[in-house]
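The following pair of complexes shares a single chain, chain A, combined with chain B in the former and chain C in the latter.
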Partner chain A sequence: MDALVTTILLGIMQGGLYTLVGLGVTLTFGVTHILNFAHGEFITVGAYAFVLFAGAVGAGLALPLALLIAGGIAALLYVVGFRRTIGNHLQGLAFSLGLLLFVEAFMMRTFTATPRSGPRIEGTVSLIGQEQMPVGRLIVIGVTIVVVVVTAFAMRRTWIGLALRACGDDEFAASTVGLPAKRVGLYAFVVAGVLAAVAGVCIALVVPITPLTGLAFLLKGFVVAIIGGLGSIEGTFVAAMMLGLLEALGTRYVEAGLTNAYGFVLMIVILLVAPAGLFNRRQVRAG
Partner chain B sequence: MSARRRRQGAGVLAVGVVLLALAFVVPENRVLLLNAFLAYGALVVGLDLLVGDLRMMPAGHAAFFGAGGYATVLLYQKAGLPLPVAGVLAVLIVGLLAALIGLPAVGRSSGFSFAIITFAFGELLIQLIANVPGFFGGSSGLTIDWGVGSDMPFDFSVYRYFTLWLVVVLVVVMGVVVLVRNSHLGLRMKAVRADENGTRGLGFNPTTYKGIAFVLASMLAGLVGVFWAPMNGFISPDTLGVNQSILLLGMLIIGGVGRITGALVGVALLVTLPALFDMDPVLRTVLVGGLLAIVALLQPSGIVGGLASLWTRLRRPRTPPPADGAVDATLEPAGAGR
Partner chain C sequence: MRSTRVAAVGVTLTGALVLAACGGASGSSAASGDCVVKIGSVFSTTGAAAAFGIDGQNSIDMAVKDINAKGFTVAGKQCTFELKSADMQSNPDNMARNAQDLITGFGAHYLIGGDMSPAIPPMVTAAERTGNVMALSVTTSMQNYVKPDKPFFKLSASDDKMVNNGYIPAVTKALPDIKRIAMLMNNDDTGRALADSYVPAFAQNGVEVTQKIFFDPASQDFAAVVNQIPRGSVDGIFIGYNGDGRAAAIMDAALDAGLTKNFITRGISALPGQQRAAKIDNYAWLVLGADPAFPGTDKVKDFIGRYAAEYKMDPAKVTWFPFTHYDYIAMLAQAMEKAGTTDDVDKVAAALRGASYDGVVQVSFDPSGANTSPMGAGILTPTGGKVVTFGIS
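And now, the complex of A and B:
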């Protein structure tokens, strides 16, 4: 079992990124009941905005700009489009699929498929034994942990978090106290867009990005949101860590080519055993 | 019921005859374009069985198309079976795959898991193909020789020869769809779409009908793949990717859900027209995506659905709208499910 610590750390890093993406999926779904296939494009947009701005104005300014752009686009898309599709699942799904194709092909045309790298953080840290870990990856682990903790805290303590949870728990009751799903959905989309952009920036820090990066992570985000039970924050976190570790360990010790297959198999098995996902308290089927 | 079936059957035959005539007169450099129209047309019309009749949204329909193609190529080249036998077996294999993947997926009531599981299935197939290059040809794909002799009827080129077969496939798919929609199966599917729990109360299990429709639609997609792979002479994992699946959904929704004409208009608009003007495929995807988003927002019943409701409104100009407003007008365009 060589390189065990490194492998586990890599798994935690992937799990943290999946948590950020899955949280966005689960938040928007919990409030608006839209399964947003275009969510992955927020990651792509955030990552590209960060890489491009980092080259122009430096990484320090690029970070807030990237978050602002992704959050703004999420808000715009919600106001123009998704708000009208609430209540019609297929319409929302079709709209988001169209957006996915549009943004992905548009980015492909503008930036081509050539991978681009963000700013690199040099240096490695020695772990026990011979193992080495790049500092950039440790920073990503730290950032994701902080963001996830802050988000979980904000969901419990702040007004917006309360509104989001109220709408997710009981849409009708929330609307009677002045929190209509159509308005709270805007908060959900902005929060989801910003979380996705954080994920995008983190991804750009450790691996080269392409216009297809977002879609790959979106798939994992869906998987963890569904395994965790759509709408559940704790469930998303647990599922994301499970998936991240499973992938890292499986890639290191079983078969590297099948990395993406593990998650899908895990999801199908869990859906067969527990159709509502692991943490769905309301006994609503994730289906 | 039977008058409508006869009328629609005649329509299918008429389309078939026109396409057959086209197969003879199309200039040589446009034969491939016609083939693409026929194949995509058959795929989208078959997909409508799920989207239009049951409001199920599979995000991995192209996977079954690709599976049909791969199964044919492998059975023909590796197992040495003659092409017709390989084709029949391939369709059966696709049906089996669809049953295997569909059974856990179709029971999920609101269809999100269904979309995701079909999505995941397409990705899994690609992984499988990319990871076993020795057998499946890997990510670079498989080449296939024609599998038909060199002497063609009517002195046709090989591409034009396959045009005939693809016309047959399209007519078969349209025939199956018309037959299903005018049968008891179609009525029950309509009931499932309208009210799943109500259907259960009548003693029909919605999951059964969703399962039947899913396996049937997937087998139709596999059938298209059986003829497309040898015609194209090459098959790669790109054929069954998610983008391809979404493209199919896009054509259907833009053209109009629930109608054969809608599906065909969508294909003509998004496959044939861009190819006629030699449009860059990436630009075409931008166009399809943007159009899909706009149509889904503004006219969910699609172009043909919108025209049809416009036509009914023009024909009866003075009819006041029903007092309680058009019930469910966007969800149920006139003629949907026929």
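And now, the complex of A and C:
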């Protein structure tokens, strides 16, 4: 029972990280219909920027710098490449896969596979019995909750959020009221880049990072985006929490050797029951 | 239409950049002389294994350059090496193609590398199919192919001799207060087989393995994994065969959970312990050849300086890989001199068996071809770090 509380908190934290990653995937797909395999590299860039700047100028300044860099790179890549692939899924896929491999190789050459740790937030909070939870992990839970709530609010109450949703719902109708999909796609990429950077920062606070960290989380981001229903923010959040809790509970109580299999089992089961995902309002079509 | 063309050009350029970044292309060190011995090296210079693979390739390259500067004499002929390198891209599936290209395309009779265990079967298969090809690798699974009548050599001792009979006794002697440990291993065939052999080895040295946990090798966060270990049930954690990243993540999770501050790794780097020196009590790691963080001799120190300068890298980032590769090229030349041939691989293999070479570190094979090079246990304690060297018998 003591360990159950700890395990659930660990699952919620993991689910929060998956939410941040999955939101970026689902946002960019919703607006541009690009399944961006390079999204994980925004996580890696954000995490490395935070760790490197934290050592030089302190964590307080490193955080906005990391978000700025990841958001800026996402915008640049969209303008230079992704924007031109909208409407052609094969080109978008090839471009994002190429970017993934290139950035990964570049990061590996530059930073090597030596693990790096971000600034650790010391201290623990006592739970039931002998159980304890590090403050850093509780902060990550808090940060992800705030970011998810703010993102959900912004999607409903701000002009950019409405533009993103409008283009996601009906690109043609949005364009008739002055919302060109390609420009709104830029907003989607910037928001996705910043969310990925937040995820990268949170990851660097709790586990060592390597140039492959982003890719590992990207796969989970895809899983939750697909389970939740591509394009659905609520669905992504629910699916991410399900996956985080399933992984934590499965690892603790069933079999630690299958941690990464649980997500794919969950995906298969849910897609058998709801082929378009849990919260998909419309059928996802190619084109 | 225009945007489609631009996108197509973009995709093509991206592909070209990816190929340039990821390798697949290979370079070669030119050679001259009466006889030229072709060596093919296959390491991962891109991808996850590149941290070691780049050092593997560089150390072979440096060895070839150093030997070629002086040359070596075989049957009265002045010989040099010619090296061609291939990038395995951290994907063992590439090994078959890489090995075949080097053997049939380049004409190599000597293959070295394969920095991942699953890459060894295709490497050995390619060598056996062609015949008259020697394969050398430091990778654990190479031990399965070391036979007295086969030209296959492992560039470190067998796990049984190195860990069970050397490392575990050395560590348990150096850290006498650790009596109960939890063992965390990869959930794969190698991890399970190693765990089965390590448990009795620890028991023979007075340490009880209270719990074995096999984790998903793709895990990033180990908090839920270490949560299986009851508080106060262990004095330390043994982390199985792993890279630094995974060892560091397990250590962080265990420290966060307040489980223990003692860590024994089967890993081969001081780094995870050094990075957390202020938070841990003891950290032990396996040392193959020499440890760049704790160079025991002037020869090792000089080598690190020269190697880092040659490949324009930070000396602190040199891994242990050069120490398990560099000297073997000189040893190979020595064996060719003794055998009086460069292209009869069986005769060169026979000359390697029972040979030793005193280079930057000591390397040796027993008469059956088993590696008997001295190894070490690195011990990091609150009072400092040291390497305890032990022989292999």
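The rule is short, and it goes like this: the second predicted complex is superposed on the first by the 280 of 287 C-alpha atoms of A that agree within 3 Å, B and C clash if a C-alpha of one lies under 4 Å from a C-alpha of the other, contacts with A are read in each partner's own complex, and residues count from 1 in each chain.
Heads up, the rule we're going with is that a contact is a pair of C-beta atoms (placed from the backbone, for glycine too) under 8 Å apart; a residue touches a chain by one contact, two chains touch by 3 or more.
Note that the coordinates shown come from a computational prediction; the quantities given were computed from them, not determined experimentally.
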Superposed partners chain B and chain C on chain A - clash or fit: clash
Touched partner set for A:19, first chain B, second chain C, both or neither: neither
Contacts of A:271 with chain B and chain C, given as first, second, both or neither: first
First, second, both or neither for A:230, with chain B first and chain C second: first
Touched partner set for A:208, first chain B, second chain C, both or neither: second
First (chain B), second (chain C), both or neither touched by A:36: neither
Which of chain B and chain C A:89 touches, first, second, both or neither: first
Touching partner for A:144 - first (chain B), second (chain C), both, neither: neither
First, second, both or neither for A:44, with chain B first and chain C second: neither
Contacts of A:222 with chain B and chain C, given as first, second, both or neither: first
Common ground on chain A, meaning residues reached by chain C in one complex and by chain B in the other: 81, 84-85, 88, 91, 94-95, 98-99, 101-102, 104-106, 108-109, 257-258, 260-261
Chain A-facing residues of chain C, complex: 3-4, 6-8, 10-11, 14-15, 17-18, 21-22, 46-51, 187, 213-216, 218-225, 227-228, 231-232, 243-245, 248-249, 252-253, 256-258, 271-272, 275, 317
List of chain A residues in touch with chain B within their complex: 35, 37, 81, 84-85, 88-91, 93-95, 97-106, 108-109, 215, 219, 222-223, 226, 230, 257-258, 260-261, 264-265, 267-268, 271-272, 275, 285-287
Residue numbers on chain B that touch chain A, as the complex places them: 51, 55, 57, 59, 104, 107-117, 119-121, 123-124, 127-128, 130-131, 242-243, 246-247, 249-250, 253, 282-283, 285-286, 288-297, 300, 330-331
Chain A residues touching chain C - in the complex, by the definition given at the top: 3, 6-7, 10-11, 14, 80-81, 84-85, 88, 91, 94-95, 98-99, 101-102, 104-106, 108-109, 112-115, 117, 124, 130-132, 134, 136-137, 203, 206-208, 210, 212-213, 216-217, 247-248, 251-252, 256-261
